[in-house]
Amino acid sequence: MNAEVGFIGLGNMGLPMAAALLEAGLTVTVFNRTAAKAEPLLVKGAKRAASAAEAATAGGIVVTMVADDTALESLTIGDHGLAARLGKGGIHLSMSTVSPSISRKLAEYHAQRGSTYVAAPVFGRPERAQAHQLWIVISGAPAAKARVRPLLDAMGRQTFDLGEDPGAANVLKLVGNFMIVSAIEAISEGLALAEKSGLDRAAVAAMLSSTLLACPLYQGYFNTIVKRAFEPAGFKMQLGLKDVELVLRLGSETRVPVPMASMVRDRALANLARGRADLDWSAIALGALEDAGIKIS
Amino acid sequence: MNAEVGFIGLGNMGLPMAAALLEAGLTVTVFNRTAAKAEPLLVKGAKRAASAAEAATAGGIVVTMVADDTALESLTIGDHGLAARLGKGGIHLSMSTVSPSISRKLAEYHAQRGSTYVAAPVFGRPERAQAHQLWIVISGAPAAKARVRPLLDAMGRQTFDLGEDPGAANVLKLVGNFMIVSAIEAISEGLALAEKSGLDRAAVAAMLSSTLLACPLYQGYFNTIVKRAFEPAGFKMQLGLKDVELVLRLGSETRVPVPMASMVRDRALANLARGRADLDWSAIALGALEDAGIKIS
Amino acid sequence: MNAEVGFIGLGNMGLPMAAALLEAGLTVTVFNRTAAKAEPLLVKGAKRAASAAEAATAGGIVVTMVADDTALESLTIGDHGLAARLGKGGIHLSMSTVSPSISRKLAEYHAQRGSTYVAAPVFGRPERAQAHQLWIVISGAPAAKARVRPLLDAMGRQTFDLGEDPGAANVLKLVGNFMIVSAIEAISEGLALAEKSGLDRAAVAAMLSSTLLACPLYQGYFNTIVKRAFEPAGFKMQLGLKDVELVLRLGSETRVPVPMASMVRDRALANLARGRADLDWSAIALGALEDAGIKIS
Amino acid sequence: MNAEVGFIGLGNMGLPMAAALLEAGLTVTVFNRTAAKAEPLLVKGAKRAASAAEAATAGGIVVTMVADDTALESLTIGDHGLAARLGKGGIHLSMSTVSPSISRKLAEYHAQRGSTYVAAPVFGRPERAQAHQLWIVISGAPAAKARVRPLLDAMGRQTFDLGEDPGAANVLKLVGNFMIVSAIEAISEGLALAEKSGLDRAAVAAMLSSTLLACPLYQGYFNTIVKRAFEPAGFKMQLGLKDVELVLRLGSETRVPVPMASMVRDRALANLARGRADLDWSAIALGALEDAGIKIS
C-alpha cells in the first residue's frame, strides 16, 4: 500500500486517525487550520500541505475530519475546493459527523466532477482512535469503498457497510450518538432517583453495569457520572448539542419525531445556560441532579 | 439445608423460582390463588398450602412473589396475615416488584410482631429464572439476609446487598426497570429514524448491538423490535406501565422529576389506547413507528 | 329558602362559600377540623357541629369542601359517615377537587343507602368565592341537582350542568385546572425566552395579554410571573401538584396520554425539590427561568 | 399621505395588507412571484413592478411579507437587492415572521448602505388583515419607525413598540406564536381526556371558553377542534412547524430550553408523517385524539 493520501482536520480524533495511516505505511499530506497541531505527524513523516486544497491530489484520496456541515461544504465546493482538486477518479473520504443531507449533496457535487464522495463517520473516543480501534460505518459507491478499505483497516477495528446511499452512514452515526446520549440521560435520572432515595450511587452503578447493562458504554458513563468526573471533557457538551440538533434536523426532514432527542436537547440547553459548554457532555447529569435538589459539591 | 420454606405466588416468575428451591433440596410449601398452577411443583415434591397464610410457619421463612403493593399488603397484615403467622423469628422474603414505601411500611409492621421483612426483588425474564440465573438485589436486617442466603443462591446467579433500608432494594429494582424501558424507547425512536431515512433496520441493529451496545439487554430488544416479535409477551405492556408508574410515584414522593419515565408512560398509554395491553412491553415501539408514519404490516 | 344545610371544610375556599350560604339566609351548621376557623361564621349565625357527621342531618343537604379523595372518602363511608347520617332523601354536595373515580364510587355508596351524591367542584380563587362569583360545574342525579340549585346560586356566578355521571363534573374540573397550569408553563417559557433575548418582560406581557390573550387568566398570571409575586400563595404549588397528579391518574385510568401534564408535573417536582412548596403554583416559572440561566433576585 | 410604497409578497396576508395601504390613499407598487396574485390590487390602482427590486425606489419605503429567512435574505442583499435599491434614506419594513437573527443581520447590512431595516411582524389571520385589525409589533431605529407609522395605522389596529433592537419584534412574534400553539396543544389534550371520560366535548369547550378562557384565541380554537374543522386551513400545519422551529432555534442560540415547543414540534411531526401538511395547524389535535384511542370519523 503506497498510495498518497491527504488528511484535513487534526483535532482530537483526526490526529490519531492520521497517525494510524502513517503507521500503516501510507504517505500522508496533512492540513490543519492551526498549523502547530500537525507537528507530531511531521515528526512521523507526514508532509504538510500549504492549504486544505493542496492536501488533495488529482485522482487521489483525501480524508476530511472537520467540525460540521458548513466547514465540510466550504472545503469541498468551489473552484479551489477538494472536488475540483481531486477531479476524475479522486475520492473524498468524509469521516466527520455531519448531516446525511450534506453528504448526499456533496456526493452529487463530486459526481458531476468525476470524483467520488464516501461517507465514513466513526464511533469511539480519542483513546480508541489512538489504539486504531474505531468502529467505522461507511456508505457510498462500491468501487470507492473498496479503494479506501486499507485506510479504514488502518484506523479502525471494524467497518460496517450501509450500502450506496452516501447519507446512510451519517444516519447511522447520528442514530448511534442519539442512543449514547439517551443512555446518559437515563443514567442521570436513574442515579438522581436512587441517590435522593438514600442509596449509595456507586453501589447502584456497580450493580447495573455488571449485570443488565454490562457494556462498555454504560460502564464508562456510570463511572463518569458517579464520580462527577466531567473534566477534562472527552467530548464537549457543546459538540454533543450539535449532534443532537443534527438528529432533530434529520427527524424534521424525514418527518420522524424523536422525543428523547428533544428532551436531551432541552436538558443540554439548561446546562449550557449554566456555563457548562466545556464540560464533557455527560455533565448533562448535573441538570438532573439539580432538578432533584441534590447538592453538587 | 433442610429448612421449611413457604412460597406464595406461582406466576411466570414465581413458578421457576419455587422450583429452584425444591431442586436445592428445600422443603417447600406453595400457594397460588389459581391452584392448578401449583401442579408442576407438587410433582417435584412441593406441599400445597390451603391458604396463603398456611404457607407461613411460626419462625419460618415465607417467600412472596405477587402482583403489586395491594396484593402484598393484604397478604401480610391482619390477624391471619403472614406477619401474624410467622411471628417471632420468622422472615418474610418479599421478591415482588413493589414500591419502596410498602416495603418500609411492612418492615415496620413485621418488626412490631417480632418477624423480619427482607426485600429481594429480582432482575431477569422467566428463562433466566428457569436457569437459576436471576440477579437479585436485597436489603433489610443483616441477620435475616444471612439466613435467606441459601434460598437466593438457589434461585439466582448473584445477589447484591443494598444495606439495611428495607426499601433500598426496591428502589434499585425500579431504577433498573426504568433503565430498561428507557433503552427500549431509545431503540424504538432510533430505528424509526433509521428506517424512515431508508436504512435497513436489521443492519442498524446488528451494528449497534455488536459494538457500542454489546450487552444482552440491547441485543435482545433490538432483535425483538427489528422483528416486531411482540407475542408471546415476555413481560406484558400492562405490567410495564405499572412499573413505570411506581418509578414516577417514587419520584413524586422524593421530589425527583424523571422526565424519561414520564415520556415512556405517555408512550405506553398511547399504545394501550390502541389495544396492546397483552403484547410485550417492547411493543411501545409500535407507537414510535406510527408517529413516524411507518406502515406496520 | 329555609332549609338546613351542613358545611364541612372551612379552608380558603370553604369559608367564603359557607358565608355565602349564610348570607343567602340559609341555616348552616359548620364543621372544620381546626375549630377556630369556624369563628367568623359563628358570628354570622352559623351553628357549630361537634363532629363532621353531625353536620349532616337525616334527609338534609351536606356540603363538603375538603382536601382530597382520602379525606372525602373517610368522611363519607362507615357507620358514622355522612351517607349513614343523611340516609333516605339526603344529599351530599361534594364541591372539592377530587378524582372522578372517587365521585363515582361514593355516588354508588350513597345510592345504596338512599342518599344522593352530587359532584359540584368550583373554579375561582378565594377572592372570587368571597364575591359569590365562582363558576360551578355539576353532575349527578337530576332531582338532587335541582334541590341544591339555590345553594349554587348563592355561592357562584354560573353553574354548568354536565349530566348524570357523578364523575363528569370532576373530569371537567381537572381538565380546567390542566388548562390553567399549561398556560402558566407556556407563559413561563415564553417570558424566559423573551427576557434572555433582551426584551423587557413587562412589555411582552402587556402586549400579549391585551391582544391575543386578553382573558383574566392570562392577565393574572402574566402579571404574577412578570413581578415574581409568588407570595402569598393564592394556590400553593403543593396543591397544584396534587391536581396535576389527579389529571395524570385519570389519563392512566382512561388510557389517555396527557404529555403537557407530565411535563408540568416534572417541572413542579423540580421546583418542590428546591423548597418551593408554599409558593403560589405559578412559581413553577422559577424553574423555567433557572433553566434559561436567568438570575432571580 | 402620498408617499410611494413598494410591497413584495402577496400571499394570504400580504394581499389584504397591501390593499389596506391602497385604501389609505398610498401609491403602492406591488410584486409577487406568481404575478396573477397582483390582479385584485391592480384593479384598485396598484402599479406592478417587473421585479422585486423594482418595487423599491431610492429613499422610499418597501414592505416585505415573504415566506422565510431565506426568501427575505435573498431579496435584500446583493447588487440588485432591496438594500442597494433603497439606498440612503430608504426603509425596509420587514413584516414577515422570520428569525431575530436574520433581522439583526439585515439591519446591519442596510445600515452599511444608508438604508434602514425595521422589523414589524403581525398577529392575526387573513380575516383580521382584511379588516385592517392586525396587531403589529415593531422594533428598529426610531426615525424609521416614525416614518412608517401611517402604513402601520392603515394595516393594523394597534402597534406595539419593542425598542431599537431590530430583532426584538421578531422575538415577540415568535413568543406569541409559541403561546398560541401551546394553547392548541393544551386544548387538544384536554378535550381528548374529557371525551375519553365520556363527556360531551362541545359542552366542555362551551364552559371553558365562556369562563376561564374567555378570549378569542381559545374560543376560536376550541370551536375548530370540537368541530374538527381543519379545512380550509387558516394557517397550514407546515407553516406552523416552521414557526415552532424558529422558536427552538432562538432557544438554542440564546440557551433557553423551551420544552413545550419541543413537544409541539414532535406532535406536529407525527401529524405531518400522517400526511396532514395542508390542514390547519390546529389539526395537531388529531394526534392527541389518536393517542387516546379516539376514532376520528
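When the chains are written out, they are named A, B, C and D in that same order, and each has its own residue count from 1.
In the analysis below, a residue touches a chain if its C-beta (ideal position, glycine included) is under 8 Å from a C-beta of that chain, and two chains touch if they have at least 3 such contacts.
A quick note: this is a predicted structure, and the numbers were derived from the prediction, not measured.
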Which pair wins on C-beta contacts, A-D or A-B?
-> A-B
Starting from the mean Cα coordinates of subunit B and subunit D, work out the distance between those two points in Å.
-> 53
Quick one: report the Å distance separating subunit A from subunit B, using the average Cα coordinate of each chain.
-> 38
If you look at subunit B, which of its residues touch at least two other chains?
-> 196, 251, 255-259, 263, 266, 269-270, 273, 291-293
Topology of the chain contact graph, where touching chains are joined (line, ring, star, complete, other) | complete
In the complex, subunit B residues that touch subunit D = 196, 266, 269-270, 273-275, 287, 290-293
Quick one: which bits of subunit D touch subunit A in the complex? Just the residue numbers, please.
-> 241, 245, 251-252, 255-259, 262-263, 265-267, 269-270, 272-273
For the subunit C and subunit D complex, residues of the former touching the latter | 100, 123, 135, 137, 158, 160, 162-163, 165, 167-168, 171-172, 174-176, 178-180, 182-183, 185-187, 189-194, 196-200, 203-204, 206-208, 211-218, 247, 250-251, 254-261, 263, 291-293
